[in-house]
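Take a look at these structures.
In what comes next, chain A is part of two complexes: it sits with chain B in the first one and with chain C in the second one.
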Partner chain A sequence: MLSRQLQRNILKVAAAPSVRLSLAKQAPRVVLFSLRTFSNTAQKQNASTVETLTPNSDSLGFETTAIEKPGRPIYLDMQATSPMDPRVLDAMLPYLTDLYGNPHSRTHQYGWETERAVEEAREQVAKLIGADPKEIIFTSGATEANNLSLKGVAHFYKGKKKHIITTQIEHKCVLESCRVLQEEGFDVTYLPVQPNGLIDIKQFEEAIRPDTSIVSIMSVNNEIGVIQPIEEIGKICRKNKVFFHTDAAQAVGKIPMDVNAMNIDLMSISGHKLYGPKGIGAIYVRRRPRVRLEAVQSGGGQERGIRSGTVPTPLVVGLGAACKIATEEMEYDDQRISRLSKRLIDGIQSKVEQVVRNGDDVHTYPGCVNLSFSYVEGESLLMALKEIALSSGSACTSASLEPSYVLRALGADDEMAHSSIRFGIGRFTTEAEIDYVINHVVGHVNKLRDMSPLWEMVQEGIDLKSIQWSQH
Partner chain B sequence: MASKVADHTLEGILDVLETIGDEHDIAGYDVEYSQGVLTLKLGSGGTYVLNKQPPNKQIWLSSPKSGPKRYDYDTASGKWFYARDNHTIDEVLNNELSDILGFDVKLLE
Partner chain C sequence: MFFDLYRPYTVHFITPEGEKIDVKATEGDTMLDLAQRYDIELECACEGSLACSTCHVICEQEYYDKMEEPTDEENDMLDLAFGLTDTSRLGCQIAMNKDLDGLTVKMPSATRNMRVDGSKPTHH
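Let's turn to the complex of A and B:
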């Protein structure tokens, strides 16, 4: 690892064209990146300041000293996005500097070399899910892949098939696509889930109609981490000749996915959930038996006419590298993350009472732990845990004040839905970080509960449901 | 107009070829149709390329067995024929593909 000063100097000089040429020839990993430290700019942003706020008359006598510690918060929001693996960056760098050709240029070396890289990445993605490279189409992310799957298939078969099945806990983009299709005249069944987050297989089978064209059920939920019975669903879909689409953005690279064993016809993949770059994803479209789609994005016919537009070589190479690393390290990561997850849950539940885990205990991805702390408000706990980057519910609904629709679908009442925190554990999470989180969460939960009048009442044995709250 | 007919013909051929691919397991089989070019790979049987030629209002065929041919459209019969000996595109493709694949192939009615 080079010294900080040397790194800084190199970053300054690296932009010069003559240097870029020679840099591209060397192994970039030696020059530019030491594992998980930050550039000069990021350091400046975290310069420590000490600020004391003097209380005014209505602050109840509290004096606050805001000491900003140097360094960045511990990142435990892996379901929102994941840090890019340095090895992925290494793979991408040549295509961000020297190898800048358009992969669709057929007439010169710049095009040929980038086309080769794109095809290699395609193979890496296909290998991870057990598919054929011809079945992988690159998109701008899982949202585009979801839109393409649902709208593409629905529109193609709209003559004879007008029914779509999905669940109530799907990602927003799937639910929105279904809503748009509903407005166009399709029938959509939103399957409810059981309190543990899993769908009822019998109910699902009964929901299938002769005119059902596609079923869309996500493999791993982004808020509670629950893993749906994909193999069983796939079998039923194949038996009824219905296309099975799964949003596997949170699943690919984390749990083993095999499109043939699981009878999956369409799958959405997201790059930035598996330590790859943001802005890239892929859709898997089965060829045998063939799935026909109407393209949503028209243009020059790239990607087999399903998704026109220049394929972004650096991002695609990054996705390929991320998939390759995932294929090799999935088992190791899984064991490590399971261990850390157990440590976190046991650590918190042993020291604090009335903590509920949302989602099934067994059929959940260990890296996604969603806990509800009774009588503690989720947002206030998040604010208190300033040094830890967490989320309550999903990133795409964090702007609104509504409690998460996923938790609502589980049957959790509003108070529990408001008090939920999602811990995301990933490849780069350490044991020390987990211990720190346990201590701080326990500490702050106890502090908040001490302040809570509801907690006091519960301790005294009062049944909160029997209270008649006065209206304003 | 002729372009539309050509499109229709190629799409029809594509449908049949895709069904063949789905129903039979042929090594190295791949059919792709984009930008008006239909490419059929038959593994050891070679590669067929069919494409529209809008300026001449023709369909051009490249066959690994019989080489290049150009077909014009006859509105009366609704068929594409080769000007030199008047055989139709269906005949040559049906014959050659049935030969290579070992079963009867009917690409167009």
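Let's turn to the complex of A and C:
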């Protein structure tokens, strides 16, 4: 805890207009935070500066004073995680305090009220994807949902079917699950993608075999934002009596998803990718035609016996609230994010040459913009753009200096893969932030290129591929 | 049993220990009815009201394909069954008819009604 004297000093400094102005100038944006000081009469008489800031007194006798603080970076990494919508937090709070019952307790009010909340959340999730609430199973996130879908189906039907189809650009948890299943004796086909990131439907159809048990293809890619032709894939799977799983962590709440129209049998959902809390997700498991899973986790048989363990009511309520908001506001969000996305791409491409957008221009989620800046090292650009939170790949692999396996699958060479940056635009991104990002990206790209001998050679018309580089 | 003379169908039960028990059945008998009639240790926690998964049995594929599709309610209960397979059914929902004559049903090694002390359930 801060001492009273120190708190008072902080408030005095923050109250000075000149200081506040200089702080605002230094930082890319100003973030408000609350400082709480205990309120009593003696303190009020001594601390006149507190009076000038007109604090609000709360029921505990604390005074909440908003003061300005040098800003944190602008957040443009929405594919890694999204900030929680304040309305989601509002929905969760009662279940973090007064309503703490176990939703599986059937003999008293504490259990009944939380069970009711869990079932309402189940309905909210189901409504967003056009499912029946009974088909929604809560998990700890999309990673668990992906593991459960792939391993669950593969193990259950292993007596008859031993083949799995996925793509080369799936999320790590899908690829890792497939690798584990391969070691267990399953046969896995990793479909390549075209240079625009989309799978070749004809090639996919040819890959299906009589012993194919499950196809797993993500809806929206987390690195390049490309949207796969889910409806077509679903039709083909249904025709061939093969289960179709889609990792929709980056799609649900952002683009319309309908499990029946798209013939989806299993779908993974993540809470923190749609402005909900972390640590919660869901899996949609079709009831008709029935999809059977072998449970990965043993226990008391909660969640249709598929995912045992006490359901975390506050998190589930948060996921439900996030889905409800998405159902109501998806169209508005999409229009707004599309506008900001266009502003960002046009702004950068009009001022910087040799910038390539990775993925497809049409079949793409606008909130995920992956750009390669030729002759600029992506990591260097990230380091230079300290005042913007960006990524050069997925959050799971951004610590490794390996070029993105997704961009490699698109046919990009190592140099282009290494020069890529992902911009994630979301519900709370502003136009001012986009303009700030454009200016800084343009400035730093030009600066880094000015330092690059390769860029100089290209400007002079030298074909870099024709050069015989000496080995060190 | 004397009345077996009037029971035209045969059903083979295979216990968790691998013992084979042959019983006679009439039209409409469920596997649960047969288990209770012949004192076979097939559990029945909900007394056949489709509210538990303890009478779970595993059928042969050939006979499974001849049975009517399980209802959503039965499937929901099967989700909770121990050792579920893709030819699993609830014993209380399999009614005998001439197509199922000669049916073999295997009883799983355990049920959701957890007993680890070796005690056996008794019929109500």
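One rule holds for everything that comes next: the second predicted complex is superposed on the first by the 403 of 472 C-alpha atoms of A that agree within 3 Å, B and C clash if a C-alpha of one lies under 4 Å from a C-alpha of the other, contacts with A are read in each partner's own complex, and residues count from 1 in each chain.
Note that in this section a contact is a pair of C-beta atoms (placed from the backbone, for glycine too) under 8 Å apart; a residue touches a chain by one contact, two chains touch by 3 or more.
Since the model is a prediction, treat every value here as computed from it, not as a measurement.
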item: Fit or clash - chain C, chain B, common chain A; value: clash
item: Chain B versus chain C as contact partner of A:Y157, first or second or both or neither; value: second
item: Which of chain B and chain C A:G301 touches, first, second, both or neither; value: both
item: Touching partner for A:R106 - first (chain B), second (chain C), both, neither; value: neither
item: Contacts of A:R290 with chain B and chain C, given as first, second, both or neither; value: both
item: Per-residue contact with chain A, leading partner among chain C and chain B; value: C
item: Which superposed partner A:K202 touches (first chain B, second chain C, both, neither); value: neither
item: Intersection of chain A interface sets (partners chain B, chain C); value: 134, 288, 290, 301, 304-305
item: Touch list for chain A against partner chain B, complex; value: 134, 288-290, 300-301, 304-305
item: Complex contacts: residues of chain C adjacent to chain A; value: 72, 75-76, 79-81, 84-86, 112
item: Residue ranges of chain A in contact with chain C within the complex; value: 134, 156-157, 159-160, 287-288, 290, 292, 294, 301, 304-306
item: List of chain B residues in touch with chain A within their complex; value: 18, 21-22, 30, 32-35
